[in-house]
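Going in written order, the chains are labelled A, B and C, and every chain counts its residues from 1.
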């Protein structure tokens, strides 16, 4: 059996076993659909409502991707500024920490009051949740270049731009990617939380609104169907960034080597 | 022989109430307010106790959803705001049923700033900003869109904060006609324009009492007692001495004030929310099947349901109401 | 009549043919921590010379290298070296104890770095890079990543990078200390070849291995610690290339013995 097949087979079997167990439990214990729907019912509901749920899924994905892109840009730019100016970092890092620890659940309704466009408000909420790991990891990364390499660059009279491009950025890459893996999942959580707490306009409703709607109308199978799509999205994001990390760092960084710990 | 009977009578007197007290949890759909007054009255003045019920009222709130607690068996009776919840329950085979309707008119309303051209209901759909909470967004807002031409583009989530409405003169927002206008007047120092949805075709019963179908089947006497005591509670609250009830509600909701509650009661009376129409003759809590069907048909037309999708016979039972309970007390209190 | 005074002097250095490239005069270095790393150190290295600093840990030999590279400034005294001239670029090369290669770049890109920092594109630099890779025996590994190389190969790459700009000065800080003996001796021999082929390059080599010092250098400066200073100097009177069996010859053993003595005395002092 090839290595790849082996790697995928075990988790898949476990997953299938769990789902089968769930189905059995619901049937044997006669649990009503409005309390805990069986996986088969969830699958049916998903298929029946796929068109409209897919539309909402796309809205959530757009917000997530947008927030992540902004978190990357913001996190990297701010980290770069911090790396260039320790004074700036000392002044502003506490602000970043405050943003990080403020519960988005409490802040989202306020943001929705102050920001005109609902989409902008949701992006802002998801951004607040997602940008900190990228910022903090990239700050560390930009300082992580080997001291001897830094001496070498000094010796050859490298310009600050050359140093940034050829030394600091590549050295920071593993740290940035680690932050990215965390922020990928967080931006989804942020997008969903913001929409759940603050709601969305009737037109562009993401999966969170659909879950709420189903909840209010006691359509529990639909809730689970939407939830399934959310979970799949999270898994997809995780897999995507794992692959990205492998591609970027695989050839050279120890974090991607196959050697046992 | 006489001694035996006396002893038995004394024993019954002492032991009587102790046997008859059923412990009941009743969940509402919001923080304590005058619109729950009748229930708190029945607790405060001992009416529930007289009917052998030890009632605990469990309030709802902005982030609280008490509805799943009823089918789950964690509460005994549930108060819901309109029949749409009941239709959804029956549609999804949730075994609950409506047993009484305390309000004859749904106080759900849309409010606007005066002098902005929103004095006419038809103008509301053109407001640039409509602040609607999630509960409404997924129920009567759909009806407003189909039946009255409201648009999703204007909708923004209402998070029970008056700020955005007060700040934007062209905005409209939802509220209970007997509550929010009072708060708006207090905070914004102006009287808002109030449009009752019930006046424009939203003919649902409101503040209905729901119970599990198994409770209705197995303990109909319990249900009857709760319905009767609640109706009497409402009569006493509206027409009698409600100070104790108000105090109880302030304990549950410290942000409420006596003045706001009194103003709310006045509005309930003037708008005929509780004691109008059928209730005037058949007692508070009155319901009839024709009205339920009519409301359902309207919702079908509005696209919320498909024809025949909901078995209306399972939505409500009329066996506990329409018996004129409380009419005598009302006559005594109002002198009519 | 030719004078014969110099011919039999055992410690006579080769006749100076070029002015000193590296010149330390009474140099002292005190770090912020209060450590007096160097005190009153004077030494000179000329073009074409291979000089070794030999001493225990903490005697300041690495500090001397860093001063010569312009990576540190002296607290007292004078340092003159090509690296300190304004407009100097690529005339001084440094080989660290670790290979100090950029792990994300190929061997080629690593060796290209000094030329790249001078503004030469990949195509412009290719001939020089390939030539030096050929010289160190890594021509087949140009596209490999450092992680794929052995310790010895990584050090060759590091030296290749040092040589690619044809520097006047080659500074080496215990470059072979982390390698096994066999690889170390092989690299010693190769290093001498590369240095010799470069013509008038001045090499300043730091080590704490007596054998290595004798095998490589023309002059060995013995240093002691607390404070760091030069306590002895020995000339190694042997030709380049070193004859076969040099490490087992009498002059080699003799030089090692004398250096060992000097080190012991310095330690006792």
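Quick notes on this one:
Rule of thumb we're sticking to: contacts are C-beta pairs under 8 Å (C-beta built on N, C-alpha and C of every residue); 3 or more make two chains touch, one makes a residue touch a chain.
Bear in mind that the values here come from a model prediction, so they are computed numbers and not experimental data.
Ranking every chain by how far its Cα centroid lies from the centroid of subunit A, the top place goes to C. The most central chain, judged by the distance from its Cα centroid to the centroid of all protein Cα atoms shown, is A. Centroid to centroid, with C-alpha atoms defining each point, subunit B and subunit C lie 91 Å apart. Averaged C-alpha coordinates give centres for subunit A and subunit C that are 51 Å from one another. Mean C-alpha positions place subunit A and subunit B at a centre distance of 42 Å.
Under the contact definition stated at the top, not a single residue of subunit A touches 2 or more other chains. Subunit A contributes residues 32-35, 109, 112-113, 118, 198-203, 212-213, 215-220 to its touches with subunit B in the complex.
By the touch criterion stated above, subunit B contacts subunit A in their complex at residues 65, 67-68, 71-72, 85, 88-89, 92-95, 133-135, 137-139, 141, 152-153, 155-157, 159, 161, 163-164. Subunit C meets subunit A in the complex at residues 66, 69-71, 83, 88-90, 92-94, 96, 98, 100, 102-105, 113-114, 116-118, 145-147.
On the side of subunit A, the complex with subunit C involves touching residues 146, 148-149, 151-158, 162, 166-167, 170-171, 173, 251-254, 257.
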